Structure formats: structure tokens, C-alpha cells
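One chain, chain A, links the two complexes that follow: it is found with chain B in the first and with chain C in the second.
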Partner chain A sequence: MTFRNPNRRKILKIGAAAGVTTLATPYFFSRGAFAQSMDYRNAPEGDTVTLGFNVPQTGAYADEGADELRAYQLAVEHLNGEGDGGMLNTFSSKALEGNGVNGKKVAFVTGDTQTKSDAARASAKRMIENDGAVMITGGSSSGVAIAVQGLCQEAGVIFMAGLTHSNDTTGKDKRANGFRHFFNTEMTGAALAPVLKNAYGTDRKAYHLTADYTWGWSQEGSIKKYTEQLGWETVDAVRTPLGAGDFSQYLTPVLNSGADVLVLNHYGKDMVNSLTQAVQFGLRDKQVNGKDFVIVVPLYSRLMAQGAGENVKGIFGSTNWHWSLQDEGSKAFVKSFGEKYGFPPSQAAHTCYCQTLLYADAAQRSGTFQPSEVGKALEGFEFDGLGNGPVLYREADHQCFKDVLVVKGKENPDSKFDLLEVVEITPREQVEYPPELLGGELGPYNDGV
Partner chain B sequence: MDAIFLQILNGLDKGGAYALIALGLTLVFGTLGVVNFAHGALFMLGAFCAVTLNRLLNISFERVSETETNFLGKPLVEQVPYLEQWFGPEVAGFLLDWSVPISILLAVVVMAIVGIAMERGLIKHFYKRPHADQILVTFGLAIVLQEIVRHFFGANPIPQPAPDIVAGAANVGAWLGLGDNLIYPWWRLIYFLFSAVVIFAVFAFLQFTTFGMVVRAGMHDRETVGLLGINIQRRFTIVFGLAAAVAGIAGAMYTPILPPDYHMGMDFLVLSFVVVVVGGMGSLGGAVLAGFLLGILQSFASMTAIKSILPGIDQIIIYLVAVIVLLTLPRGLMGRPGVAED
Partner chain C sequence: MLRTLSRSDWLLLIVFAAVVLTLPWTMQPIGAAYPDLLQKFAIYGLFAIGFNILFGLTGYLSFGHAAFLGVGSYAAVWSFKLLTMNVLPALALSVAVAGVFAFLIGYVSLRRSGIYFSILTLAFAQMSYNLAYSVFTPITNGETGLQVRAIRASAETPLRDGDVRIIDQALGVQEVGIPISNLFGMKMSGYPGFYFCAVLLIIGFFIALSISRSNFGMMLKAIKSNQNRLKYTGVHTRPYLIAAFVISGMYAGLAGSLLSITDPIAGAERMQWTASGEVVLMTILGGAGTLIGPVLGAGLIKYAEQKVSSWNEGILHDAFSLLPGPVQDFFVEFATLFVGEGWHLTLGLMFMIIVIFLPGGLMEGFRRLRRALTSGRSSASRTMSSTSPVQERG
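For the complex of A and B:
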């Protein structure tokens, strides 16, 4: 066709043909094509999409980080159609077909957070700016999560938080580009308090030892709030430096405080050390106010329980997920992970695997990797089959709501992994709270343009 | 009253560890003139001698269970220690229970060898270099050692229980007629006594043996001792091995108090340096005195009554004392003129 002698009739004909073609094109096709062509940060151009896994590979949480990385690699395999598919087979959303996401193969880069906010931000920045990561996920500290979430908001990529339990991550420090699957201290308090009431009664005096950073403060606040509602009295709450090592100087005052409950708001290495030392100080053999002295560790993990050994027996706490759960999703995940690595996954591994699948599913459903579109697909999303029963990704604060597990250190473990027993699955309704309770503003999405 | 007594006890066991590490540190500085930043790593390596012995005693063969299954529902592969197979469960149980005290023997040998190898292989090349170079190379060595340990043992703390018979707490209050609230872990009391014995033994060794006399003479005037035909360098190498062994057994015995991880040496290193500086560089008595003094002060600063008046004092007390001591006594509590002043 030549336009050497254009005239009005020819132009009208061509215009009409173009209009008809556009209208006749299937909606999903043009929508996807339009979205892909939109300018957003790190829009993938080739046949792969790059995700950034930012986990502690060195430092005190390196073992937890290693487990997170194993889960991420497994998730990528499943998304690309390798392996047995894991929880893709049990996930209620069937958008993902095991052939990548939006027709692109999933690739990944990794960074080392070192469990330090500045190092975590630097590695996330490197993955976004140099490696073209379209989403950042991971971490095992709330301090790190909040720092990296802020960075992702500024950079215009999605942040799928790993293990972070402070209320602030989806409370006062929440950001539109940030999403959390893991539970928080408010939910821990709501789930744990009724169990503590049944086990220890309403007339108790509690002494808190608290890790001196955002997560510790958050957990101390939540546990105080819920136990004081039960009628417990808080005798004292003492802040301990992160990574103190020897907690004896903080434990000796507990002996004469008149308290009959010690709440350890510690995680990881701190929890292993403080609990071991508390048991050595004979606290669990003590009688105070005519009652047996008890210890509570509100946030448990299987890796920590392994570190603390025998000392965890009989101690109550909460956890986001445990490998012994018998629903189809958990069984599929434990099988996939166990066959690949030879041991069951931790709760950190579970939440990271879920976050990767949830991101990929949202991107697939929205037909783009554009943060605002993926975010909208996650907001209000209800799903099942990922090991926690029915879950809601709440629109107002980007926090997942699901059942919470209350666990207890097992008296007679069958194996070195079988350290915690689930004593109660607290239903989701019981741990839900109004979004405005924890403050903060999501603000607008940032697509990075 | 009980609270004060408890904090004193707490300060003593904490001070015991500080004093043992600082003793080796100041011994090396006094003899070889080297600021050894890898000394904390030697404490950590000693702790991992206890872990290693425990693992060696636990070396097992695999036996597929006919009745039990693993977490995937497949037949469980049981680990049966060879020790149990060879000597029966009672002897195996006893050895495992007492593995931490037994590990002292392993730690003494291993750490003395590590110390001598470290001195001969690396540190001797830095005697004539500035202190900054020594600090850099020993700090680098400390990082290498801890990363090697992390590679083999992982990053998480590995619990090492004390023998069952001393695993609980002693009713110190009942002994002293002060009521039942004054209880203190047996192992921490043992650790304090252990550190006192080791410190005494090191002093006796230096004070009452010919070897010790030569070393002390060498600390005063290396050149003259050399002119007398004594190979003082060889003596100092052995002193380095001794310092490493002291740090090692201090670490091995500390494992029931603090489950060891690869980073524990760094946690103690800075404190121990402050202890050495407060005590006086090169002064053995000063290191011990400052170790116990700072341990007790740190414990008292953590009391709620004191923290309510001076919030955060527990975090800075040691450094605050160091500043005050150095302003009033620039050579430290027991520092001698001429040491570290050239």
C-alpha cells in the first residue's frame, strides 16, 4: 500500500480499519501489553524477571537467613515449573501455571543484610539499581524490615517482608509498597493471653526482659496490654542491649522482685542465651507467692528451640507456622523442602516461600510487575492452601490476617526437629484489630517514575 | 541486702572471665610487646574445643529404625554413638555428661599448639612493625578464625550443658543464713573458683619457677637477658602458647554459661582490652584486679534502683570507669612506668 496520493477517503478507510482492529483485540491481551509498556522501575525487558532476596547471610541470624534463602530458591524452582510444585498445587489461586510469571522466567539475585539496617539498605539498593530487581523480599529483623521497606518505597519497587514481628512494620511505619505475611506482636498478645490465663490464672506478677529495639518494645507493649487485661501485674520491664550475651546481671534482680512470671521479649541468639541462663538461675524451680515460677517466650522459632535445647520444655509462646501442621499446604511444603534439603523448614522459610508465591500470583493476576498494580492485586486478596488456613491480605495496612499458633516446648521430643507442640490454633477473628489501632499511613504507591 | 549480695556474686563470675582473658592479653603484651586482637578469638576457639569434644564423643553410625518414621513418614535413620556401642550406655552417658570439664584437657593441648603456631607463623613477623600493623593483622586473623568456625559450626549458639550434678542453682542464702531468695547457679560459682585457681597457678608459675623468673626478667629488660645467653624469644613463644591455653580453658569452661557461637570472642575482646587498659598495660595483677572490679561494677549498674537514677548506665559504666581511671591514673591502676610509653 502506498500513500503517494493520500486523499480523505483513503485516510478514513485506514482509520476505520485501525479502530475495528483495536476493538476486536481481546481485552486481556491489550491490557497486558499496555501495562508492560508503561514506564515503571525495573520493568523487565528480556524473557526473565529478577527478584531480590535480601537475607542475613552473615551475622547472628545467618542460620535463619540460610533457611530463608533455601525457601526462596525452592519457590523460584516451583514458579519456573521445576520440582514437585510444592504449595503451588495447594494454593487456592490458580493463576500461576508453573511457567514463570507473566510469561517470563523467574531469576533472582541475593544480598546480605547482616541484620544491620544500613547494610540491608545498601544491599537492597544494589539489587534495585545494578541488578534490576523488580521486588525485594527477606530479612529476619524488624529493624531491618522497616529500613528496607522505606528504601523500596522511595525506589519504587515492591517489598515483601520476611520475618518481621514488630507492630510497626505494618503499623506506624507502614508503606504502600510494603506487604507482610508474618504475624505481629499484637496478634501474639491476643492469641497467647487466653492460653496463659488457662495455664497460670489471673493473679500473676510479670517481669519483662526486653530486647532494646523496635521489635522488643512492640512485643513488650502488646504482652503487657493483654496480660494486664487478664489481671496480671507488671512488676518491671527492663531493656537489655541486643546481643548482650550474658544476661545474668539482668536476671539476678528478678529473683528478689516478687515476680512469679518472667517474660523474655528476646529473639534468636538473645533468647537462647537469656532462657538458658534463666533456667540455670533456678527460676523454673522456684516458688514465689505460693505459685510455681514460670517463663514465657512470646515469639518462638524452631531454630531457637534447637539452640536452647532442653530449656524450652513446657514454655509457652507463639509462632507463625510449624512444620508439624497437617493441612495439605503445609504437608506439600514440608515434603518439597524436606526432600530437597533433608530437614523440615522453619517458620522463616515458610513466610518467605509464601511471600514469593503471593507476589508472583498478584503479578500474574494483574498482568504486570508495576508496583501499584501488583499492590492492588494483593490488597484485600483472600487465599487458602498456603499452610495457615484462610488468609486475608488486608487492604488498609497490607498485613496478612490468619490463625495464630500457640505452641509449647515439647516434654518428650521424638526427634531433634520435634521441639514444639501446637497447643492451640487461635482463630483469625480473635486476633484481628482495627487498622487505625497501630497508627501510620500507607501513603500512595510509588512506581519509581 | 540479698540483691547486693547477688550482684557481687554475679560480678565475681563475670569478672573471672574478664580477668582470665585480660591476663593472657596483658601477658602477651608484657612479653612480646604485641597488641593481640585475636585473643578473643582464642577464647572462642577454646569454647569450640568443648563443642568439638562433645561432637567427637557423639560420633555415631546410622541404623534404620524398623518401627519409627522421620518427619517425611519414611523410616527413621537413628544415630547410635560408637561410644555407646563400645562401652555401654552408662559410660557413654557419663563421658557426655562431663564433656565440658573433660574438654579442658583437649583445650590446653590444642590451644597451646594454636598459640605457638600463631606466634611462629604470623605474629613474629610483626614484632618490629608499628602497633597499628599488629592490631590490623591480629584483627584480620580473628575474623578469619571466626569465619572458619562459622563455616563448620554454623552461626547459631550451640548449648553445652554443665554436668547434671551441678546444673541447678545453689542455695547460697541458706549457707549464710540470709533466706531462700539468694540462689546462684552452681556452675557460675565453680567458674569463679576455677578462674581463681587458674590465675593463682599462672602467678605461681611466673613467680616460683626458673622459667617464670627468666620470663619476668625478659619483660623488664629483654636485651640484657639475651646477652646472658638465654634464648628469651623461645621463652616468649611458650608464654604466647600459655596465654592461648589460658584463654582456651576460660572459653571451654564458659560454655555452660553462654552457649558458644562464632562471634563470642569479639564480644569479649573489647571489654578485655578495657580491663587491660584500666589495670595497666603489661601488669598481670592489674588485669586481674580490673577484671573483677569492672565485673562487679557492671553488675551493680544493671540494678533497677541504679538504672532508675541513671538510665543506660549499665551500658556505659565500664567505659566511664576507664575514662576516669585514665584521667586520674594515666598508667592504669597498677601500670608501671615505661610500659607502652615509647
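For the complex of A and C:
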């Protein structure tokens, strides 16, 4: 429309603009190539190595995110030889000496995932492209963890998953550059089912409320699978949006459904809200089918128990780690975390601390930060002294295998942190499964060059 | 009929193009010169320019523009999954789908004006978000987000997860590892991706400039200034409004597809009402009705989101390291409120200050500054100009 009267001047101008574009472009393409002169992405050049801590600071999982960040900062202190060393002293591998990693001081950058895949990827990209992070870790939501894991695979850096419990992280969506220390819903199901059988019998009708994303779907599937093997019947499974806040509309139908067990596949503030509302509705005082109505929260954390207060008493669930464990590693970690922050760490803090140490140790043992080399050092690595007993980083799916804790809300807590009691420690053999069970393909390592 | 662009318009376009293309150097001092953020500048700039065609020119405040952004993203990822990893079909498909979607929503919503129009668009967008989040999970993959899958070690392994890529398969293009969006073999991540977005931003800016200077644009401005009078003179305004709505929806679709092109994943949160609100903020922050303003606003918000949110205590201690210990601690304590997870607070304060003192956005600030520099005359002329940002060129 504006070219109705093309004249010489106009054409010259357009030509000039186009010329500038074409001339500038090749320079930029080669610019990227100069930046990657080493044999892997973000190879540290100075005397520091940068790690990226990508945690939710806002949203439904913000409490977990804050605790994860505390643990990361503690881990960096210990790696650099500050503080009391924490679990470095009890860790079975003695490669780390408290003088950084590979002779370089550990530095870190932080970012907010907002519990959204988009924001998390943008934040991780900033760390990789701008801050030169050689490893990304964090995430308090499996959706976010899977999205960031995919990004790290594309970019060619290692991803050490933080709190992510969905099977898919090291199942359907696993990636060669991604590693997970935390357990998954398959293990939760295998560990929790026998305890539920002993406590509630084999003739139960369950009603699921499920957070509507990969973790919720995964946990619903695993709990269904294992409870139906016991003889339980699943009446209904209703999906609720992440961060719903008010769950009353989902809780009302539960009473009329004929179910006598409510399974809450929620986490973080969602679980605090749904459990509190379920208890306020008087669900736990009801009698259905001649049995007491019970609630199960398959994935528990101390932070959530603290949020839900009185309501957690007597409710079963599973957890990756709990601060009341009495092994040397746990005691050392609780001590140094408590001295720095004044309260005990959550399971999210524990797994993030362990992941940082495990990465640093693998980098130290392989003598480089190159993702494929660090990855090989982690694959099949057996270690102890990090609070979970002997643990194996399985080669086939980059998943850690360790004992799983089944816990129960304490009836008479001694302090405001002492809210959960460990009912059973399910041994590692009982929760192991063949890697083919969850599908997916690791693919090749990507060093980003 | 159509007026051609004036000399100063061409100058504006050339300066704009030059500034956009040199961003990788000029953003260096403030630490924003890395591909992802630059891509976001260009993409959200495009989104805001499109939004401004509707809001800035007609005055119709849409609170649901993120729906078109989301639809564009999904369309692009599906094009990657079904057709080819080449970005051109994805672009075309996204713009077309967003255009059709905008026509459907616009046809209904534009029966009303003012607050009712805003509420209708908000309702449609929120509906789209909830559909994408749960009901349409097979198409959108819900909260996890739609991803291009089929990572594979060799070309013999078949594609999976609904990926077929008809065109790539027919042409014998077999990617190994993670499939990466490309423009005839040029990877669309990193700096090439930014330049692709930047060129589209400049084209988008040129189209918006032409629209703003055309008779059609004049009509839209007339609708903003007095729609009733226009109707009395016998002009049927609705076709103009629908056209503006569809064009602006297509811009949003284009922005959405660029988000997917530079990073092949599409999530429902792109359609949430907060995302719709964000583009309104960008436009108002920069200056509604101006051409450059929305791009500036977009840049400012994305910078705050990406960089201010990453400033933690360690960085603050470095920034204030010249001060003595206790004073430094005080400043760090105070500043911590506004950075890191407090970046929303910074943005909110900035927005309030700008809306209260500079109703015409940043562009009005620049104009006032220029006027103050060129002539130190009385403030009377300044206050007069602030009420009519629409007539401002550039």
C-alpha cells in the first residue's frame, strides 16, 4: 500500500536497510562460534566455576524453593571449605577436599522458576547463555524439571534434578544430561502399599484428588497400581489445577461417592490447603462402609506438615529423607544446616544439597566439567553417608536407588519441627524396578559444541 | 487514498532497525546481551506492537490477548511435530490459526465496547487457558507443555509421541538427537534466532507504521476519539474494529510462534490472564498509541523479569562494596526487598510511578525531557501535550 509511488529515494533507503542486515548477520553467527572455543559448553576459564540454582521463589512451591536455595548455599560453602563441612565428612567418596572443585572456587547464580515451564527455561537459559553456568540444578515441580532437563540437554550442560517425584523425569522424558537423586512415584507406591495394607486392610474404596500435571498423573497411576494389587477399588480420580487454592468444590463429591479413603496427590501449598479443607469438612470423623474414613498423602514433606499443622496427625505418606534420621550423614547435615539457619532442613533441601555434592564429586573424580565425562563418573556410582544409606546412581536411567521412608503425622509432636514419625524404612531391593518399565530413551550426551 | 509514509517515518524506521540490530552490543553494559533475553525483547516487542494496533489506535482494551499468543505457540509446535522442523510453515500456520481464532472471538466480543469488551475478552482468554490446561490435554499436553519429542540416537529409530514430520520424512531429512527448529538448516536458537526475530520485529514495526499512517489507521483513531459521531455520519465501524482485532491477534500469533521457534515448547501458562495483563502493562508503561513505546515497555518488563529477579544478596554486596560494613548491610537489606523474588514489587512501583506522573508512558517522559532540553519554557505547554498521546508520531 505504501509502495504505490515507488521512487528512487525510497528504494535506496530500503536497500540500505537490507544491506545493513545482511552485513551484520554473518558476524553474529561466527560470534557464537568464537565463544565456544573449548571442547564443551561454558568451560570455566578463570579460577571459579559457576553453578546455576533454579528454584521456585514464587508460586505454590515457593516454601520448598526457599529451602532448596538455603541448602545450595550451604553446599557451596562446604565445597569451598567454609563452615563445618557438613556431609562432606561422612560422604563415602573422599575426592573432594574442601578447596573447590578441580582447583576452582565454586560460585553460583540463582533464578526464579515461578513454578512455570516457560519462566524456568528462560531463567535457565540466562544462567547458561549469560552467566556461564556449567550445571543447572533445582526445580520443585516435575513439569518444570522435565522442561529444564530438556533445555539442558539441548544446550549441553548437566542438569541435576532437585525435588521432582514424577516417574517421567527419569522415565518417559529422561535425558542423558539429566540426573535425579530424589525418589519417584513408582517407589512411593511400592513402599507405601504394604503399610497401608497393615493399617487399613485390603477392602477399601479410594477416591483420588490429583494435581493436574505430570507428577500428579504419575503418582495417581502408581498409587492406583499398587493399591489395586492389594484389592482396593478406585472409585474415582479427579484432576485439580495446580495452585487451585480452594478445593471445596472437589471435596464435596467425595462424601457421596461411597469411598472410604481419600488419596491426596497434591504437594506444597496445594496439599496444605486440600488437607486442611478435607479435615474441616469433617471427612476424618466420618464412618463409611462401616470403616473409619481415612486420608493418605503419598508424598509428604516436613514443610507441608508444618503448614497443615494439627491436620496431619496419623496420616500416612512417604518421604525421601527426614531430619530425625540418626545416621552420621543426616546428623551432620542437620547440625550444619541448623547452625546456619536455625531450623532443620526439609527433604527438598536434603536432595538439593546431595545433588550439588554428587555433581562436584563426579567432576572432581573425572577431572573436568565436561558433561559427558561427569555423566560417566555418575553412572553406576555407588555411595554412602549422604543420609539414605547405600545408594546407587543407576546407569540405565540416571535414577538413584535407595531406601524409602514411610512416615506418619505424629500424634504428640515435641516441637514445631518434629511433626512426622518414621513408620518403616522400606529397603532398596523392595522398591527397585527394571529400567524398561517406565520407557523413554536417554539418547547421547550433549557437550554443547 | 492511502497516504505514503513521510520522510521522518522512514527515518524512524531506519533508526529503529539500526537500534534493534545492534542490541547485542548496546545491551552489553547492562548485562542483557545474551540470545534468550534479546529474543524475548524482539518477540514481546512484536506482541506489544500488535496489541497497540488495537488498544493504542481504537482504544479497545483487550484483556485476552495472551490467548492468541498461546494458540500461535501451539500451532507452531504442532507444525514441528506434524510437518517439518523448518520454521516457515510454522510461522504461516500460527499466524493463520491465530487470525481465525481472533476473528471468532472478535466477532462476538466486539458487539460490546468499553469495560464489557474487556471482560468478554478476558473471559474468552481464561476459557482458552482452562481448556488448554485440562480438557484439551491430548492436544496441549496440559501443564507439562507440548514438546517436540523423538530424541533418538540414530535415523533407524522411528519417531515417537505423535511426531510424524511428513515433509521432513518425504524430503529425507533425518535429525538425530534432539530435533532443532531451523530455517533451511540454520539453527533458530542463539543469535541466529534473535536475528530472525529481529527482522520480523522490524517488518512488524513497518506494517504497524503503515497502518498507523493509512486511511484505515485514521479510521481506527476516529473510533477512539468519538465512535458515536462516526456512526452518526453513517460509517459502519464494526468491520474496522474486527479488522484491527484480527490484525492484532495475528501479531500475537506471530509472537507466539516465535516463542516456539526459538524454544520448541508450548505451555498453557502463556494463555493465563497474567500474560494478558503483562502486554497491557508493557503498552501502558511504554506509551499507548505511540509506535516505539510498546517495544520499550516490553523490553523493560522482560529485563526486570529476567535480570532483576536474578540479583541476589551476593550481587548486592558487590554493588554496594564501596560503602562501609554496617551501611552496606543496611542498603543490602533494604534493596533485597526489591530484587530477587521481590522483582514484582519493583515492577509494581515503577508502573504506579509512571502511570501517576507520566500517563503517556515512557515516551511522554522522553518528550518532556526533549522539550525541557530544547527550550526552558513554562510548564504549561508540557501539561497540555500529555493528554493526547494518540496524535504523537513515533
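Here is the rule we use: the second predicted complex is superposed on the first by the 411 of 449 C-alpha atoms of A that agree within 3 Å, B and C clash if a C-alpha of one lies under 4 Å from a C-alpha of the other, contacts with A are read in each partner's own complex, and residues count from 1 in each chain.
The rule we apply is simple: contacts are C-beta pairs under 8 Å (C-beta built on N, C-alpha and C of every residue); 3 or more make two chains touch, one makes a residue touch a chain.
What you are looking at is a predicted structure, and each value in this text was computed from that prediction instead of being measured.
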Touching partner for A:Tyr213 - first (chain B), second (chain C), both, neither: second
Which of chain B and chain C A:Pro241 touches, first, second, both or neither: both
Which of chain B and chain C A:Leu255 touches, first, second, both or neither: first
Which of chain B and chain C A:Asp112 touches, first, second, both or neither: second
First (chain B), second (chain C), both or neither touched by A:Gly282: first
A:Gly150 touches, of chain B and chain C: first, second, both or neither? second
Which superposed partner A:Asp418 touches (first chain B, second chain C, both, neither): first
Touched partner set for A:Arg121, first chain B, second chain C, both or neither: second
Chain A positions touched by chain B in one structure and by chain C in the second: 58, 62, 241
Contacting residues of chain C [partner chain A, same complex]: 2, 4-5, 10, 13-14, 17-18, 21-22, 24, 31, 33-37, 40, 130, 133-134, 142-145, 147, 151-153, 157, 177-178, 180, 189-192, 194-195, 199, 202, 210, 213-214, 259, 263, 265, 267, 269-270, 305-307, 309-310, 312, 340-341, 343-344
Complex interface listing, chain A residues touching chain C: 1-2, 4-5, 10, 13, 16-17, 20-21, 24-25, 28-29, 31-32, 57-58, 62, 109-112, 116-119, 121-123, 125-126, 129-130, 143, 146-147, 150-151, 153-154, 175, 212-214, 239, 241-242, 441, 443-444, 446
Footprint of chain B on chain A - complex, ascending: 58-63, 236, 238, 241, 243, 245-246, 248-250, 252-253, 255-257, 269, 272-273, 276-277, 280-282, 285-286, 303, 306-311, 323-324, 334-335, 338-339, 343-344, 414-415, 417-418
Sites on chain B touched by chain A in the complex: 2-3, 6-7, 9-10, 13-14, 68, 70-72, 76, 150, 154-159, 161-162, 167-169, 181-185, 187-188, 256-259, 261, 263-264, 267, 298-299, 302-304, 307, 314-315
